[in-house]
């Protein structure tokens, strides 16, 4: 993460303890060279690598959630900057507001000139507050919609990056019709005749995520999550307990691989070992490559076919039993 | 005006004095019957009728302005109620606001099911304040726009009643982009494929009036006015004086008949003697008849022809000299 | 009959009218309903004949899908569609109980297979596609079946060129179906995109309560949106908002009347007038389609005249 | 040359370099310009070569249409269009002077026939339709000629499939043309409706100051809206608003930066970077039209392949 020290997560604690032990022994070794100690350290280092791999190969859903929410995880602006240093941001809903939690702009993605849209969590505290911790106001969705229509007019493919706990649940947001802002985006996205690809890069939280997620292809980063309600919300409603977050994570099937198995998403994008926050450039390149792959396929389709493709995709979603009448 | 006493205007003062004189003599006559007095009264009554006719036949532009602004003049709701006692009001911009200064609804106008749109000044003080004295906020124009699109979708002809000093010049109105709200209505109205007829029923004030006035036909009530800026504004900018309102009214050519001569409007609708406030039912029936006449003609045209007709109408507006190159 | 006899018969009939035994609690409850709002004791039969609206304070009692349909559809015209769809358990979801058990419990309580009933009927002789949600079944939550039935009804309407009326009442998404319940928002909205393109009328009616994923999809996409008096409607729940903004919300917040004031619904209509209002709106918009078709043909005739004149 | 001679020649050349006479006021003013904002004395030539932007505080001086065009158009590519249109006096308007006299005075001051100059040019080798308003002529007010020239330019762009760039600077409508000046708002907006349908790019640039009828018509209808730093932009004038709401407005109110914060413009771009920004936007949107055309043909090819495979 650009030379900054990476904040460890709770489930990484054993790894951290081992690393501290190794460090201590290395200090000891420096003061007092000793062949036996050297062998011990070598063994511990091997153990460390083994532990790390096994830890990341066996993450529980709640661990994925922790990585997806890591405060140093790359955000929309980090991707846009890496993809196109000269990307041009488009501001505002034209009606009185420019929501920092929703970022929109023009960018060059390989050969594709695209409209980029993404939620933004904010890094520093002030920034986080301005971005409402990544929870857009209705005006943010309306800004996205204005730009969706712009992309439709000029035949620009649309790339949406999703990383939001959900739409902001505030008094003003309700009064300015958060529900309608989301609903309208769902309908209008369904009707576009340009390619739309969405990537869940962190948290995909409920309707607030879906409002920029009605895409021809839905991709997810390996450790990102996507769910109908936050696991905390789910636990408190269904278990009536704040302790059952891990159970809620498990029950809801919110990880990238589970959702891929369910057929809801189309591709899982590999992250650097330990998560995207360990290497922004790696993550950004992987996402870029995945997007270019999808766009290359989608741009073979005509406008009406793209719309039909999107309609068909969501038409199939759901699971039910059809009894004999 | 429904039995309520009509407030006289300043230019009607001579008429008022004469009426008082007649009243005084009539009282005298009642106490003391007298043939000579009776003849006098008869003569005065004749004089009264003569004066009234001559007064209204020779109104100055500023007199028309006074009638157009008469506090008892019929407003949009007065017309809608008279045209269709069961008209259904549509509220709100769907984005957080319902501007009482802009009224929209479905109504039956003879054989035509139409969308009615109109500015509303408000009658009682509280009502006036809520309606911002007939000056819409951006949200009012957006509410109108939402309904224009509804009418377009369902092939409903649109009838707009204009009676506004202009768009509200407030801090919030600016911040929520009053200019864009008006501009967008101008563009979107130009593109509609349903018949649009506008009637200036009182004051047609500047861009705030035009925002519901880009119509296939523009009608004006006999004493209504329509201008690019309020006469007060014009006087204060061009004459740098508040005394020159009459001159500004004269110079701007803002009365129905002048605008008809200029070719800007299509029809002047007769008012009851003394102005529409003397007889709501008469005024409402005259406007209704005029609207039905225009709609009957317009509904002969197809959607694309209606749009072309509107484009051509405004394309011609303006006066200039084309020098030899 | 002399006066004595007459008095005796009066006494007898009065005695016959009097209830011999005091009412049991159940009988009492069946006979009388107390208004939740004004506390007035109402005769249950009267309440029902008044569309379950308190005649004293206009409080609108929650009603089930069956009563809704009875109130709106012309007699004997209701035809249910897609009633054979039932929920499955795609995630094998277990919280403090299994999802299948909860489904059985929901059906036992509501007598319905699912939280929405869909079909067609006549509305004062005009055919409409009607979808009615029932809060009594699983809190009116939207899972795959609700999404599928609403979507199928919209498709049916597109195919048969019918206006669509959807009456919502929902706590939001059905969490037990995880992401699949979220996707119903996209599915129904995409179906409405087709309806929108087909220029067919969609009237959405919001009733107590309508929240979450239902509000943020089809319920807010009506060409015309009607709310019932006093209904609480919103995206986020009241408690969630209060926790987020750390202040108490005003009482009227998220009521139908509050939404009207904030431009989110077109009108608030009392249940007793709902059928007339709907019929008026459907008729108003239907007539126009005919009229505009007329205009097209009239213009063709007019053009025909012009060209025939030119060719002469 | 010995050292003495060398010194003498040095002295002489130094004397020759020195200005003999003190500057006259006019010469001084021509040479130096004081920044309106930071009060710094700037060398006029430097200021001009810096696009009339103060190098100390980035204050953007108002500039005329000629300088705008010079700053944006590739050298020798500007072709003026509709330059022969001139105002008439449709109302015979007289205030404290006649409208024709005021027109003559405006032209004397600005050296322009009208408050807008329209034409085409190359912008880093890409052809665009360009309209530039000049506040120096009649306060940049929009009368029939401004409306007509902007409309004709838009029509020209539709016909030749050009992107349109309009740089606004205006006090509002030209009152001396009464209702006809108001109607220019509708005329230009209707022309933009055709441009919108033709899916051609329209970039609107708002410069100090842009108000009234210009803001409330074409200036706010850009697909992309750019404002210059510090420019004051609005519908109603500051004084009118202060009188209406009876309070002082904050300083930043109606500045470009304030509009950005309130979502009314897409970006605030320094004049020194304007040409590059415009070129980037025009190129970005042009490329896409080509690419989507490619997609259509690719799909046709793909379908061709499929069908030929099927027929085998």
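By written order: A, B, C and D. Residues from 1 in each chain.
Quick note on the criterion: contacts are C-beta pairs under 8 Å (C-beta built on N, C-alpha and C of every residue); 3 or more make two chains touch, one makes a residue touch a chain.
Keep in mind that what you see is a predicted model, and the values were worked out from it rather than measured.
Taking the CA centroid of chain A as reference, the farthest chain centroid is that of B. By count of C-beta pairs in contact, A-C exceeds the other of the chain pairs B-C and A-C.
The mean-CA centres of chain A and chain B are about 55 angstrom from one another, to the nearest whole unit.
Distance between chain centres (mean CA atoms), chain B to chain C: 41 Å. Work out the mean CA point of chain A and of chain C, and you get 37 Å between them. Shown for chain A are the residues that touch two or more other chains, namely 94-96, 175-177, 180. In chain D, the residues that reach two or more other chains under the touch definition are 196, 220, 262-264.
Viewed as a network of touching protein chains, the structure does not reduce to a path, ring, star or complete graph.
Pairwise, the chains that make contact are A-B, A-C, A-D, B-C, B-D.
Every residue of chain B that touches chain A in the complex is listed here, in rising order: 94-96, 138, 142, 175-177, 180-181. Those residues of chain D that touch chain B in the shared complex are 83-88, 90-91, 93-96, 143-145, 147-148, 151, 173, 175-187, 189-194, 196-197, 212-213, 215-221, 234-237, 240-241, 244-245, 249, 253-254, 262-264. If you check the complex, the residues on chain A that touch chain C are 167-171, 173-180, 182-184, 186-188, 190-191, 206-207, 210-211, 213-214, 226-229, 233-234, 237-239, 247-248, 251-254, 259, 262, 264, 310-311, 314-315, 317-325. Across the interface of their complex, chain A is touched by residues 196, 199, 201, 220, 223-225, 260-267, 277, 280-281, 284-285, 287-289, 291-292, 294-296, 298-299, 302 of chain D.
Of all the residues in chain B, the ones that touch chain C in their complex are 86, 88-99, 106, 108, 112-113, 139, 143, 150, 153-156, 194, 299-303, 305.
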